[in-house]
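Both of the next two complexes hold chain A, though its partner changes from chain B to chain C.
Entry: the complex of A and B
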């Protein structure tokens, strides 16, 4: 059962990644990118990490994809891209990708990662939280500061004073 | 008299129905019954309790409540029943349909109109069925330059996403379609899909009004998602769990709105914005941009989007109830069930009964559902109410409200929750 799900997810992820690169329509390309990101979320579900999977869905499919779609829709493709149909570059890219994949796969197979048992219970998110406030607290503080800074920055940007005019009296 | 059938006569209508019934009976008795008997000749029927299971015996069993009720009860324990009927789609669609009717009627009363009145004689009670029939029978018109695959898929995906949201809402103890440990995170993930569907359907229509509406919807939903998520963190901090059933169960003595009123208010306002309700209905502003991102939808595609919208409304109201109003918790008002509904009756040669009480639903579940529905209907009422009262606000006011005031208030709410937690008043080590 897990194998069938794994194969299906692999096909979805890799297929939509190729589609995202190859499709001429930018909108369909970004939809295919959503498929890739959703497939990766599916892999996290298979790996018993629902916490990461749901964040993958909420952040990447839900927000990043919206950002990409939004940008694509407001841009006229013909104005900024020139079509370069070059067969040799394409095959060179595919060959480079194959080399990298084979090398990475060899490293993984060599590292003995295939001996990991897969019947462990899913990681409880409370454990992640406990780890964050005990052992990894400096990372947590750093992340908190960065996030607080970015939220403050977003608030400051949203509250622009220079666009006030007579008609905009709140 | 309708224009479609100008020579309509009731007697001829009844005659045609009787004609059809006669011919159906005629064909069934001449062809259908022999066919069934030939089939039964070849099918080997099982022997149960030493008796051959003939069709007659099977019918007899179905008519006997002592035998058919357990079958019904076993069916109700299946996942299919949960998904299709009770805490899932059927229940939510029923509440959604009731919401549409109540909204039209209540809005009319607020504006001193009559509202739906003629359809169904009594206060237009059949108006909704009539509207549904009309939408199904209408032609679906696709704009010539629309992007057809996305345009076709968008309403279906919209309803599916809304149904996924509904599946996460617990209605009574143990009665939830998907009881996941990370239910609240699942809700956030599902909410994130709505802006994508909206903007894709708006773009695919290839028309100006839908696109403007879609862009507005995107702005509004994305900017209000952040205070929405932040306003719910207070509840998570105090309960220490993300499971919606556990969050509802943790409020047996008091609802969280008592301690986190700021979070509840922020969540309610963001809910109005996510649902595109007045005063935040800029994506559908009918006086400015026709019908916003719904402009090009026609027929049942529009009906599907409408169904999805009201399913989403129910799901958000249910989420508010589960998180802040105590979910299914409430005083027990349902009386206990008797062992036997009817004692046996003897009439000459016939002996009927005794019929078992055999409650199809237990007392706790009925009580929980009652309180959940009451609270949800109350929240839905407060979601509908602003439509008769408020005007629409400007987009810049909306965005500044979302990005400055609501996020600030959500942080205030988180600090209240943290204060309660560290003071030892509430939370995992406190009163609970």
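Entry: the complex of A and C
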């Protein structure tokens, strides 16, 4: 049976996920998205994974949410508060959401997951560090290269070519 | 651990459903990115929840890789938003038609 902390985190996470998509203002929406990401970090704490939880807080709540907030601020003011959606597709979307939730939920409830219990002790976070530098080191290097490549690509994409950036004349 | 695996799985399914709703209904580029973020987080939650039932740290390690790659995806997605906004002065994906045949 779930405990009170789990129920509170569920309400925060799902409620702010709905708010992130449905609030009229994109700025409040991105702040609500921060709530969802923080709620997921709370779930990681409940799952005895404090390292992943702190990584989630640092990467998602700390950097990605702030990045999204700054991007929203670059958009024109009337677009931030304008709700763009297909009214006709709204009910179809709600129906699709219900189908996915009910079907997948029924599959999981009917499967053997309910009876799985564990006596395993929580994984020591030092094991994760050891894994990273021993077994997974090629993947770690590849991940670093992908991150560097994507950030460089993002900078190249967002560069303005119509503005003279030469500051040597000043 | 008082919480069971099925609880975390159901939360993950609910978040997946909300993300799919956002992707299907919203036409705002930024909100669609929010929906993608929610789906990625549902997947990470599943990974860590199932990894808790393994005797080794494989699930958590994979979740860490997933979070890092998602960070790269968001960086590229946001720069695409900036480029598209500069070209069309709008964030409505129905206006982004230059590749339409």
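Operating definition for what follows: the second predicted complex is superposed on the first by the 114 of 170 C-alpha atoms of A that agree within 3 Å, B and C clash if a C-alpha of one lies under 4 Å from a C-alpha of the other, contacts with A are read in each partner's own complex, and residues count from 1 in each chain.
The rule is simple: a contact is a pair of C-beta atoms (placed from the backbone, for glycine too) under 8 Å apart; a residue touches a chain by one contact, two chains touch by 3 or more.
All figures in this text were calculated on a predicted structure; none of them were measured in a lab.
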First, second, both or neither for A:68, with chain B first and chain C second: second
Which of chain B and chain C A:31 touches, first, second, both or neither: first
Partner chain in contact with A:57 - chain B first, chain C second, else both or neither: first
Partner chain(s) touched by A:155 [first = chain B, second = chain C, both, neither]: both
First, second, both or neither for A:136, with chain B first and chain C second: second
Chain A residues touched - chain C or chain B, whichever exceeds: C
Which of chain B and chain C A:49 touches, first, second, both or neither: second
Contact residues of chain A, present in both the chain B and the chain C interface: 51, 55, 63, 151, 154-155, 158
In the complex with chain B, residue positions of chain A that touch it: 27, 31, 34, 50-51, 54-55, 57-58, 61-63, 65-66, 69-70, 73, 125-126, 151, 154-155, 158-159, 168, 170
Chain A-facing residues of chain C, complex: 1-11, 13-22, 24-28, 30-31, 33-35, 37-38, 41, 44-45, 48-49, 51-58, 60-61, 63-65, 67-76, 78-83, 85-86, 89-92
Complex interface listing, chain B residues touching chain A: 147, 150, 180-182, 185-186, 188-189, 191-193, 195-196, 199-200, 203, 218, 222, 240, 242, 396-397, 399-400, 403-404, 407-408
Touch list for chain A against partner chain C, complex: 1-3, 6, 10, 13-14, 17-18, 20-21, 26, 29-30, 33, 36-37, 40, 43-44, 46-49, 51-52, 55-56, 59-60, 63-64, 67-68, 71-72, 74-76, 79, 83-86, 89-90, 92-94, 96-98, 100-101, 104-105, 108-109, 113-114, 116-118, 120, 122-124, 127-128, 131-132, 136, 139, 143, 146-147, 150-151, 153-155, 157-158, 160
